[in-house]
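The following pair of complexes shares a single chain, chain A, combined with chain B in the former and chain C in the latter.
Take a look at the complex of A and B:
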């Protein structure tokens, strides 16, 4: 576009700059994403003196533009002249750190954290730390929440006077009037504790932690639970009891279920952080209480952690703790009134068998598995079935098979197709563990019944299931048990079932090999080319294209080609199209 | 603060809206709400519009004239919609407006119609970019050949522009009509209540909400009551109340369980058997519930009265004020003209010492809790001279009518004041008549 007199290379940049203020958000966004190109063209000097001031004032824009801008500025150091000038990036990021959209603020804070590393220690004190202070004492809580994420990055690299100021600022924010700010401070407490000297952790952080953990708002208290994990990891074992445990105990019994939920949700982390002794004395009873909590959400969260908690118990008396303290609670959960609790438990309970060993599993766990296999809620049964492999290793699946079968059959016939779909997906796994004999005897009929399910998704999954079974049990098994039944459906009066034959052939041909495909499947496919339903005929064409590579060239030329040629002159447009496509793919023309 | 029945007198300050008597349906005011500083006042109307008024900076030269409210921003919050699945028209009428605590230089409010809640940002802009590379400021394209250098736009000052932009749309969570929204003191959640359910939302998340109350019976024929209003406690983030059409208020603690079907307190006054009538249940239905600013009390409005409840006493209200007891003998005709179903709202003054609610004939009532005095005032064009003092009105309930009294029979039931708001600190009130917004203030001596 640019003429001979103008500078060719300027034109695209000029467009980009103009589009920074285009009406169309998408164009502005494109320009912002190419900000580095603009900066490169302007050079470091003009980027610092013209571009950045302009960007600092563009905080009126749409969130997505601001988000892109906040991200770009994190990688801008070289474009403003290197670490020496990196502080020029602070003003635009500072204004981005005060916008109301959390995603934008978080991105601005992330970029600020990134460029803080590129500040020299002097610049950090002269430019960066004052910015943190400004944000921390800002009028609006958006700026104060942003400040919370910046303390930990500058603290390690500043002088001790400045460090004292930073600690003071953090302390102030922990008791801010707005819960939003206290939440931000609580969520950064652990991170800040990590960069503090141990003495200050004990003197400062612990008191802040205790205060936040007893905040009047439960949304703040629950965040203190997370901080508890990091703080406990930092402290020497002997201090945990006096400094952390009172708060943790209080949190585990908090009046608000959301706080207790948080404790349950973070239980494995807490367990690792406080070590085996405290776990034995304190966490075991706490965990028992959470498993018996009056709120189902809490019980479900705790139930989810049963296996992990047991695994991480100190090995010397693990079995005894589980048998006397945990298992009784688990037994009650099996008949919980809430299905989410039961299904959470069902997803982990099988894992206990590896920890408890064969005898305990048979005596204590097996009755629970069996009870859950008969649960009224399909999700519970499914979760048990999907984790069968854990038990298989310990006691072998035979112990379960008598109860397993009715459970599987019931799920296979469930009125909800998504439940049926889920159980089909476990079929290959089950078949592998139960063995071919058991499968032929009990499950084969089910797999075949799914092929004529009235929901397409089930028929499709059933087809795929057959392929996986053949991969597992081999071609010979396929030839004897599956192929005859599949081919039999080719004469079904329902055209949907006839099509299922074709879909099965598509899926099975490769696993069954050339011999079976040519001798048994191909004749059926070819015969179906005369079907009166056009959908069947064009699926014949598609099937021929699919199984063509498995066939030998003789069969292709003498049998497939004439049929496809005939289909290519079919009256139906789609049949013609797919026949022609098959001819060209198989290079038969 | 002096009570309204004592030394204080109210005077007219401003009236907003068209003067002619011919009222367009869309102009009917459906909600009035001050923001947390009182600097802004928002109204919503049946046409789905939100109008925001801003208090001007005080004029030091004329201390008797306190700063007036002028239009700051007007925007269309909701449009009429049609639910094709249920063959239902969804009105654009704004049912409620709630301001969010201020988080940065911009202001935010939630507005809702029957189905959809929207979060609006109202922000100011006083700079605009200037300078293009490829065109002149007036839009004419330059000859690209003349470009010899790059120009970065600069921001230059311009006239103040106020923009309202929709930030979030919280939709598809209510089967029935939303009657209340209330922002939680935790600054991150709010609730929305319809006839049978209350949902809890995070202000930043629009694709899911949590159902915290569900009173829908399995069989709708067993339905005996509906939720009429709901509000969060001003200080305790875990506490909220909801009122029902049966005249009860339930207080729920969200700490106790995720689903608050079991209330932790039930506020209910035993019915007076001597007052029992066909209309008892209808007139006991609560049309509004509001916590006091200090969080110790709550106020409920039913058809004939305002009740103040101490949160620590469930069996009866600590104070009961009759709003228009003279209507008790007229309930039959009020039933026939549907007025008995009018939903009057109520509000507290800044220090919780006075409460206010509306009535018919463009009357509104104030009750001074300390002095146990009440007052009836009228919002009318006749009183609309600047700083004119409002004369207290009296309704004659029967017997001989004294001078200056108005007979019950001459009350105009088409003129009703449903929505009122009190400035959070000062004695400034906003009173919505059908399509006019009156602003009154106490007389400064």
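Take a look at the complex of A and C:
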């Protein structure tokens, strides 16, 4: 330790501590974030005896600083001398676990969970478990809330007496006076159940689960639904009916839509947890009810699960269940009054075609797809279009193309630019599925029209779209269909359109190759160097820099270089700047 | 949001990013259904009953009771043409009940209490529907109104008249207006409809005033609502209304303040200042805070230090509100309390004066226009002037806004007149202080550079120590078949802060061996 000692004397603790309590919060925060550096400078012993007590005593700082501290301490084991000393970190973390601010507390609990693993079983009982107990019986709700997250990490590694105590503490918190603590306990119920012995799951957890699931506050009840998944997974099939199902049935019909929403949201997990028999008898009717719920929020959550639910149905009578029970509800949802519901459905409905096969898709699903493609809400149409690949596999996209086209055209001209942006992003996919002929005939004009959209983001996306199309259809296609139109815009009276030509060239040159770039694009770019508008001229410089690597050295030297040199003496300072930059990047100087 | 953001916005309204006002308004005009409706098993056909005013005295109570039962039937108000006859019968009955309870004496006899409370509960208690607009901004958007208001309003009116009736007897009511009832009542404060919250406010106030046994419970549940609002959901529509009730409750607190009430101030009211939607209830909150101070001046320090702790860092609009509240507090502060907080307070005020946002700077500088505050500053000039001088001096030369610059000149002038000697000293030492500050910055940079170099050396040492230890072990174990993960492959040259359990103890050993 000789070398280390020498260093220590350089850094008296006072100086370091001064840094940790600098008046400026930002500086204090910086120091806390480098706490490990300070600890290393002090060495393990002084970190334990001087730094940690200081930190424990000064936990009255800004929440931001406390958050950084809570995070740091989770990685401090080695800096205090390894696992045998890790318990030294408990006092400051215990204080942090009681502060008001949730993010700080959560981080402290996270760090405590982390270092709990580094405790030996003995230390866990001597140091860690008492801390959990203190937190669990704290005066203010914050410490009790934090305790909820610590039971499951120490339970598996302590003696059976201590285990009994832990179970008792958890039980107490589940019926705590404040809803905040009950919520914390309910949210950890599933996790705690997983580390408990099966007998205790049946005797303890089930009664807590039942109580929390019928709490007076819906914010507690809905958390019990989450726990339901874990608990159902742990229990043997024969116990599910008596121990879990009454509560789950009650939750699916809860008077609060928040609880029903939660059931809908967790439906696939619940379905897997309870198995095929209960699914058939109980969950199918429950799911139907959720799809018909009076709150749109719940219907939308359930609609989102339609595909997953159907996929996970037992295969022997999956088709029959879907056709007789689910599909009628789905049909109604297609014309729901709420657009979120319709759009949730549209994002998954195409997935049903793979499950139901070709004939059913054509007979039953296709009319629904077509109806949704004509929906008044653009998001619904978009969601259908974005999932076309699912149907393509089953029946081919041609079946849809008649209805597809008007839908695309309408979206392409939607008043909201984000809608237009979204449909542009699907163009390469659509082009691939519809084929080059259909594309040329119907969609090409749209793609070109976007290039002169009045929103820059659309013009930019349109440029990028062209590049992807060229990658898909090849340079020859580009030369015949796209390049002439793009280059034609170089003579447009609107300078924004002239600039679009340059942006397109930037995007296309690589995909089009040297020949097209040199023979067709380069002359246009060079000619534009005389443009009236400085923005066009400096974009010429940028374009030349961009397409330079595609050109051969002859063209660079004889054609590009003189133009750039001229631009480098332009009256406009930006033009000069970009010309010089291009010259230096292309090594033409 | 940027144009290149991926298209993942869930609702079509947000698709544009810049929805036009008129469109949003039009959409918001729609009103909610209450999801209670579907829980009514079957629709009952209502038949009109005789009028209360025509009833013979002997039958009055019986008829009153029947009307109450009639009013327990719920109607679908989203369908505005459904069962118009029934709706009208119920409306008329409610009107009569309101009228009767408000004007005639002797109507409220004991058997009517459970019936009345049942009618009220059936009508008002419901799970509030999800907000039509998930990003509902109470300041910008029109609230969604409760569809069944034509009936609901009359039920609330009846409840209010019932509580305010001279015949009302708390001893009878408390059997039915119990904790469970109050809890449900409090949850309704989340209603988006301001008309409903207004009724709830008055009603809860009456309940608090008349049913003494519920007071502590009501305060506790309001605490829970606030704590959930602050630390969990950040969403509750009725914060302002609840604070308004609390304002008058605080007014009635007995002295000395109970620990419970101080805890409420420190752990609930002060943290409420962190809420994103502070502007909606700031006036009521500031009123509560000042009420506390006027009750008991010793809480002043908690309040000021609390506000300083939660001082907004990025939201200038909130900063202006905080400054306004500080001024309200300073208006009534006791000079002895002022001395306890002046240092941290004026450091913050100095920081506000140097804010590039002119409204923040201006709001802070207005403090010097307040005569009482000015007198406090003057009394403590020796402490305060050195705290703010450097800022004033610097900002007077740098601020972009001319109004701020001239306000600062006025403040400087005031200080010069207050204590010209101190002022001159500070002016003289300004440059020296500036130099000292720069030197401190340099020293700090040096310190950290040194520390980081030390860390690098140390990490290297530790890594080497660990490697030596492994080599030693390996040498010792030679003869055993080579383990699948040999140290050379498992140990990277990158120093690791936290090696796995076994190796970290061995690295500790290596350290003490050197």
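Annotations
Following the convention adopted for this analysis, the second predicted complex is superposed on the first by the 569 of 589 C-alpha atoms of A that agree within 3 Å, B and C clash if a C-alpha of one lies under 4 Å from a C-alpha of the other, contacts with A are read in each partner's own complex, and residues count from 1 in each chain.
Criterion: a contact is a pair of C-beta atoms (placed from the backbone, for glycine too) under 8 Å apart; a residue touches a chain by one contact, two chains touch by 3 or more.
None of the values given here were measured: they were computed from a predicted structure.
By the touch criterion defined above, A:179 lies against chain B and chain C together after alignment on the C-alpha atoms of chain A. In the superposed model, A:377 lies in contact with chain C only, and not with chain B. In the superposition on chain A, A:255 makes contact with both chain B and chain C. Contacts of A:527 after superposition: neither chain B nor chain C is touched.
When both complexes are overlaid on chain A, the residue A:519 reaches neither chain B nor chain C.
Ranked by how many residues of chain A each touches, chain B and chain C are led by C. Of the two partner chains, neither chain B nor chain C is touched by A:358. Of the two partner chains, chain B and chain C are each touched by A:15. Looking at the shared chain after the overlay, A:216 reaches both chain B and chain C.
Residues common to the contacts of chain A with chain B and with chain C across the two structures: 1-4, 7, 10-11, 15, 41, 100, 102, 140-141, 178-180, 183, 216, 218-219, 255-258, 294-297. Those residues of chain A that touch chain C in the shared complex are 1-4, 7, 10-11, 15, 19, 23, 27, 34, 36-38, 40-41, 44, 62, 75, 77-79, 81-84, 100-102, 118, 140-141, 178-180, 183, 216, 218-219, 255-258, 294-297, 339-340, 343, 377-379, 382, 416-419, 421-422, 425, 455-457, 460. Those residues of chain B that touch chain A in the complex are listed here as 101-106, 108, 121, 123, 125, 127, 129, 132-135, 143-155, 167, 185-188, 204, 236-238, 254-258. Across the interface of their complex, chain B is touched by residues 1-7, 10-11, 13-15, 17-18, 20-21, 41-42, 46, 50-51, 53-54, 57-58, 60, 98-100, 102, 140-143, 178-180, 183, 216-219, 254-258, 294-297 of chain A.
Listing the residues of chain C that touch chain A in their complex gives 3-4, 7, 9-12, 15-17, 33, 35-39, 127, 129-130, 180, 183, 224, 227-228, 231-232, 267, 271, 309, 347, 444, 447-448, 450-452, 454-455, 457-459, 461, 497-499, 501, 504-505, 507-508, 511-512, 514.
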